[in-house]
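Chain lettering (A, B, C, D and E) follows the sequence in which the chains are written, and residue indices restart at 1 in each chain.
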Amino acid sequence: MSRIGVFVCHCGENISRTVDVEQVASAAGEIPGVAYACDYKYMCSDPGQNLLKKAVAEHKLDGVVVAACSPRMHEKTFRKAASAAGLNPYLCDMANIREHCSWVHEDKKLATAKASDIVKLMVERVKKGKSLAPITVPVTKRALVIGGGIAGIQAALDIADAGHQVVLVEREPSIGGHMAQLSETFPTLDCSQCIMTPKMVDVANHPNITLHTYSEIEKVEGYIGNFQVTLKHKARSVDESKCTGCGICMTKCPKKKIPNEFDQGHGLRTAIYVPFPQAVPNTPVIDRENCTMFQSGKCGVCAKVCGPGAVDYQQEDRFSVEAVGAVVVATGFKLYSIDRKPEGSPIQGYGEFGYGAIPDVIDGMTFERLASASGPTGGKILRPSDGKEPKQVVFIQCVGSRAREKGISYCSKVCCMYTAKHTMLYHHKVHDGQAYVFFMDARTPGKGYDEFWRRAVEEEEAVYIRGMVSRLYQKGEKIVVMGSDIQVGVQVEIEADLVVLATAVQAQDGADLLAQKLGISYDKYNFYSEAHAKLKPVECATAGIYLAGACQGPKDIPDTVSQASAAAAKVMTLFSKDQLERDPVVAKVNEKYCVGCLACKKVCPYGAVEEKEIRDRQGNLVKVVAYVNPGVCGGCGTCQATCPSKSVELDGYTDEQIMAMIESL
Amino acid sequence: MNAKANKNQSSCIEPSYYQAVTQAIRTQAVQVLKDGTVAGVVGYLPGRRKGTARPALITTPEEAEKLIFSPACVNNLSVYLTKSKKGVLKQGRIGIVAKGCDMRALAGLMGESQIKREDLFIIAVDCAGVYGSRAERSESVTEANIARKCHECTVHHPEGADFVAGAATELSGLTPLEAEEMARIEALPQAERWAFWKEHFSRCIRCMACRQVCPFCYCEQCLCDKNRPQAVENSPRPAGNTAWHIVRAMHLAGRCGGCAECERVCPMDIPLNLLNRRMAKELKELYDYEAGLAPAEKGPLNQYKEDDDQSFIK
Amino acid sequence: MHAEAKQHDFEPKIVAFVCTWCTYAGADLAGTSRMQYPANVRVLKFPCTGRIDPVFILRAFQKGADGVLVSGCHPGDCHYMAGNFHARRRFAAFRALLDFVGVDLHRLQFSWVSAAEGGKWVEVVTELTERVRAMGPMLEFKSLEHEEQWSAFQAMADVPGVVNTPELKEAYDKI
Amino acid sequence: MTPGKKRLNYSYYPGCSLHASGREYDISTRALFKALNVGLKEVPDWFCCGATPAHNVDELLSLSLCAKNLSLAEQVEGDLAVACAACFSRLKTTQHHLKEDEEKRKQVETAIAGPAALDKPVKHILEILAREFGLSKLEESVKKPLMGLKVASYYGCLLTRPPEVPELDDCEDPSIMEDILRALGAEPVKWSHRMECCGANFTLSRPGVVLKLSNAILESARLAGADCIMVACPLCHGNLDIRQKEIKDAYGAPDSTLFGNIFGSELQQGAPKDQRDLPVFYITQLAALAMGVPSGNLGFESVITDPKPLLREKQLL
Amino acid sequence: MKNKLMHLSNETMNVGFVKKVEALSGSSVRRCFQCGKCSAGCPMSAFMEHPPNRIVRLLQLGQGQRVLAGRSIWYCASCETCTTRCPNKVDLAAIMDALRKLSWDADGPSKESYVQLANRLFIENIRTYGRQYELRLGAAFNMKSGQFLKDLMLGPKLISKGKLKMFHSKNKNIGEIEAIFKRIEEMRKKGEAL
């Protein structure tokens, strides 16, 4: 027989005004298993809590029900008091007779009856309750950062500066990401490379950071505090330990006319190359598809000229396993392409803009490279088709973005600002040129952003035209832009020399595949989902995995850096303890009865359920059952409601407790 | 031989068809046993009485020569594959004779990790229908004696098997008895529906034959046998009976392949398949899901879409 | 309906299964806002609607509930991301089943009540209480509790196809 | 009036309207100032300020005319008191612009062949009454409080807009007229159209515009329960008073009014449309009346919408 | 004209005209971000084919000719509401003044002759008499606009009320007014003023 104590609070007059607390207490005393019941003016006060502690000791109580306010108010208070009296805190529950009773009913008789019922429900619940102990999980204080753009770099540096080891993985041959491609950055117009490259060098030199470029995530196992990540190191064909970065291989490579991806295909590179001069690491990689040696077996010039003998045509993909406790995902974005999309693609291209076939219709990133001093034109704005300086440049915003029927309904967030920046850069470089911008809204909610945009309009004399462009077509050397000015209410036609499209920001190719490896969720656009849009913006629903930058959704540099530092802070919080402690409201599997149908695994929002093999002493497989990783379980209990044989049970909300409550109705 | 044949030619299957199927099964079973593909074959042997059949696990080619397939082969053999039913799988790869409706159970069990496809050698039957309960076991199958479930069978031609015995039978023009019955119940006023089921459930003697024969009732401990807590009263009284059948229908929702074995074995003639079919219909309408057409990663109640119907929620 | 409701000669028993994050908090808000609603409802708190087993609803009816309310977070608001989505399908199916066996669905209400919707909680509870009050007590499951198996035997005596032999009848009658 | 304190003295620019269609404004202003023992000396040989038409098409002309008037006003001692809101606005605008724009100031000085008197303080009589004479003194001076008179005080456009020019009161929520009314014992009503445009000088070229805009103002005043309207501008007075009957003729049908349009048929079916005559007073007429100046000296005979019945009803005559 | 396709290029955008407007009004048109507040509060919006915001928009696109072709500028009441409430301190009332002056100087392609006529007569009155002579102004307007019966009933009433004087005396210093007009004309001739 249980020995439950019931404490009925008056809450001043908040409860006693409409509930006869004495009657509730005396009725509670009659419930089988209740060893002690009383009422008191203020249970949450010190004397009230002492009353509880004293009663636990005197009456040898094995469970406590405090009938007072909402547990959301004082559950912690009373569980602490119960704990101090030597009781397991999870055997202390609250009966909510204030918010759910005295405050919402006027009839004293009905309210008293209801309060007694609520107490009875909670007594039954506590009677069937179990002592629970907080769950501890060991933590490996080593972080993995996926993606070497500004987000990954910032997160890696922050975590490394805090004294923890960081493994930074980048799939391209160099870190730097999109930010390294930019010319100037809004709203201050400082040179992107000037602020980016020092950070890249910091990464390379940081004693706590292990950098793996030209590498990808192959497999992720484990859970918060204890991940095992398999990395695939793609064959670089150059031995990083031997290469000195002298670059002679590149100057001698006979294959020199390969479009350079870093310059959006507008500059040229060799087959053995670094993507850009400030690359980190400054170790070349051989593009095997374009290398004469790999294609025909006849060349080998780079190996011959390489002093240290670093070129290795035989190199193969290599795999390594890293043990980490936390993962920061910072895989960034790609830009929408207006090209014709394959049949069946949910996203359409822009036929009305020529599906990318008009050479002088370029995207914003290409304009960045044209404007960049290190770009293919040395920073001169020259149009791709004939290298002439364009005098009339039309910028078109929201290409792909906010176009539901093109498959993308969201706002890409950065285009308004970078287009304003482009008009400024253009005006600075081509004084007699005129920039026009077709736009729907100017979205500039950032510090100094609207002022920046207004500067483009008012001082740099960009002509902004509210309205969209219907069609682009080539007419001789010109591109005819058919648009409208909805403020005037007329059609507008401009014969442009160059058209720059602010194309949408999209999730990286393969973002969904990486998410599946990591076990994190993503939205229909393949952007990664945060655990809570407002309150957990950098956490994934999967514990121990954090998000930084545009992989979660379009973001500009300041927001990306903020989120990266926030993710790093979350990692450091996790690493601040040797053991991870969690609320023990988690599901447990009864392995004796589990038949391994794994319905629980299918419904678990946290990916906390794994398969577990039960073997006999000889090692023969007896059966496969479900196993709930307590470090990962969020405690929703969906598994238990789904399990046909109720072989999985949520601590704190067991079927026994709930049924006992229903029985007492 | 044709004396009792139904006028409707399409629903009268000649015994010779079953003989052909029987022969194909035997040949195939002998072969896979001989070449060691399987350790055994779960199939049908003739029953002691004429016109009956019994399930059997055979392990030798000699026994395989005795396998049959006839309208009396009503049993869903997939039930023998799960552990709780003293499954035979631990003996290695197993051959199994399966009608289309049985195949749906196999697919469901695969989706629920109870069996693996590679552990099975499926000898499917292009089934021409089996006898209904209490039907007169004439030599041919007619509308008069064919099982009710066969009236609306959509899976005569099994897919995804290792071998198919028989070919291209057509069952058409049969009255959809179960659909009509379901429509009739649905059209009843709510109080009469309750009365209908109350009468049926009250007769239940809790023999648990329905559970025993169901391929999906493979739990090692049934919820209804649990007593801490006791969610469903387990003595044969109307309250517990009603709870049991509702819980069972709920647990089978989205899983049941419609083999109707529960209804066949029920000694009290409770129309159990009616419940299962009703749930199947609902899930098809709501989520466009049909159980067991192929092994599915997730059942309709183990997944969701953000825009699922919620018109019933305030 | 209103005229009957005012008499209050029947106080229905309403059981509410709610999630702790949204609806329980919404009911708290109704309290802190001092809104008024019928005292008939008894609230059982769950972490999430995803935890709510149809068996609980069945059991509540068996144990004398005249009406049952299941309420959780709006889609997209679930603290556990997807618990309410799973619950939504589960209860859609369960409703259909109960309807088919002849339970009046007016006694079973589902709702999304967020932590900010104290008013909606009051509205939902009041509406269900008054509706059920007008319908009268739920007798179906309650009467089953008091019935023995064989009591239905006579009613089935004439139904063809049902096992019904004189021997059986005699045996039953002896009991 | 108060011994020991220096008597207030002003130079006075009446403007064209006050010598013609707005003569009762001039008459009452002079009568009021006399009653308050405040000196008022008219600037000799003043010219038209150019009003709206001049700045509409020729800003330089407009500025020059005003600058000329300001330099004429220099001859008379005392701050320049102006009663007409349009003249006041033009004179203040001229000072404001020329102080800010050196080049324009030079052009204007060339045009008038002399310096522009940019520092001659220009005061509207509202601010003279409320601030320089003072509200409390004004209240003390009242002999016949305007008890029970519900007045809609109408500011119009130019008394407050644009804020940096007249510097008279808050440009969106002024209170100077209401303050004066309270000092006089009247009851200012709250209403919505205090600062809407009456159509101003379109009265000549496009009277239809005036009818529409002024109608909205009158409707609003009636809806607020006003007995009358008080103005401080002869143009506004002209539009609201002289054209009041025309407006009624044009917008008399219930659903053709501003409020009829808003409330639709509800209003039609309700009480009959409020068609009360709203007498339009100049601020100085009401103030002088309160100071006990005989009504015969306030030019009421020149007003089109007869105010006498109202004044009699309120026992102010 | 109003809905005609607009070709935009350095050639079709008349930036010189816009600069003139900006110089005369002392207000930038580029500052405007087209929030529409001016048109929202304008008592005359309903009478205009280009509401105030669209006039600024057309100026931003260098389309002065489209503005002057319409009658909107002549419907501005100079109530200053737009200027007072503009979030960007665009002095729209001053821009309107500037546009009217430019239209006036070009002898108005605008069709709004009544307002122009009234203005012309008003200024003529000043030049002739030094002050307004309202009876003459009204009579002359009716004569010249051909609306002989306009306000027919109002005139005698106003005369009887003493609001319209039958006779008007000239200022003694009327010569000074003429001198001002002359000097301004001279400055403009020399290009010393706009």
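Here are some notes:
Here, contacts are C-beta pairs under 8 Å (C-beta built on N, C-alpha and C of every residue); 3 or more make two chains touch, one makes a residue touch a chain.
Remember, it's a predicted structure, so these values are computed and weren't measured experimentally.
Note on connectivity: the fewest steps through touching chains from subunit A to subunit B is 1.
Shared contacts of subunit A and subunit C, meaning chains that touch the two of them, come down to B.
Identification of common neighbours of subunit C and subunit D yields an empty set. A centroid comparison over C-alpha atoms places D as the chain most distant from subunit B. Taking A-E and B-C together, the chain pair joined by more C-beta contacts is B-C.
Each chain gets one centre point, the mean of its Cα atoms, and the points for subunit A and subunit D are 65 Å apart. As a whole-number value, the distance joining the C-alpha centres of subunit B and subunit C reads 33 Å. Distance between chain centres (mean CA atoms), subunit B to subunit E: 91 Å.
If you average the Cα atoms of subunit D and of subunit E, the two centres end up 23 Å apart. Multi-chain contact residues of subunit A (touching two or more other chains): 603, 642, 655, 658-659.
Among the residues of subunit C, those in touch with two or more other chains are 59, 82, 86, 90. Shared contact sites, meaning residues of subunit D that touch two or more other chains, are absent.
Chain pairs that touch one another are A-B, A-C, A-E, B-C, D-E. Those residues of subunit C that touch subunit B in the complex are listed here as 54-55, 58-59, 62, 75-76, 82, 85-86, 88-104, 109-112, 124, 140-141, 144-145, 147-149, 151-153, 155-156, 159, 161-163.
Contact residues on subunit B toward subunit A in their complex (touch as defined above): 82-84, 112-114, 218-223, 226, 228-231, 251, 297-299, 301-303. Of all residues in subunit A, those touching subunit C in their complex are 70-72, 96, 98-101, 103-107, 110-111, 113-114, 117-118, 121, 521, 531, 541, 585, 603, 605-606, 634-638, 640-642, 650, 652-653, 655, 658-659, 661-663, 665. Only residues 24, 26, 43-44, 47, 75, 77-81, 83-84, 91, 93, 97-98, 100-101, 104, 114-119, 122-123, 125-126, 130-132, 134, 137-138, 141, 145, 150-151, 154, 157-158, 161-165, 171-173, 176-177, 179-181, 183-184, 187, 192-194 of subunit E touch subunit D when the two sit together in their complex. Against subunit C, the residues of subunit B that register as touching in their complex are 185-186, 188, 190-199, 202-205, 223, 231-232, 236-239, 241-243, 246-247, 249-250, 253-254, 267-269, 275, 278-279, 282-283, 286-287, 300-306, 308-310, 312-314.
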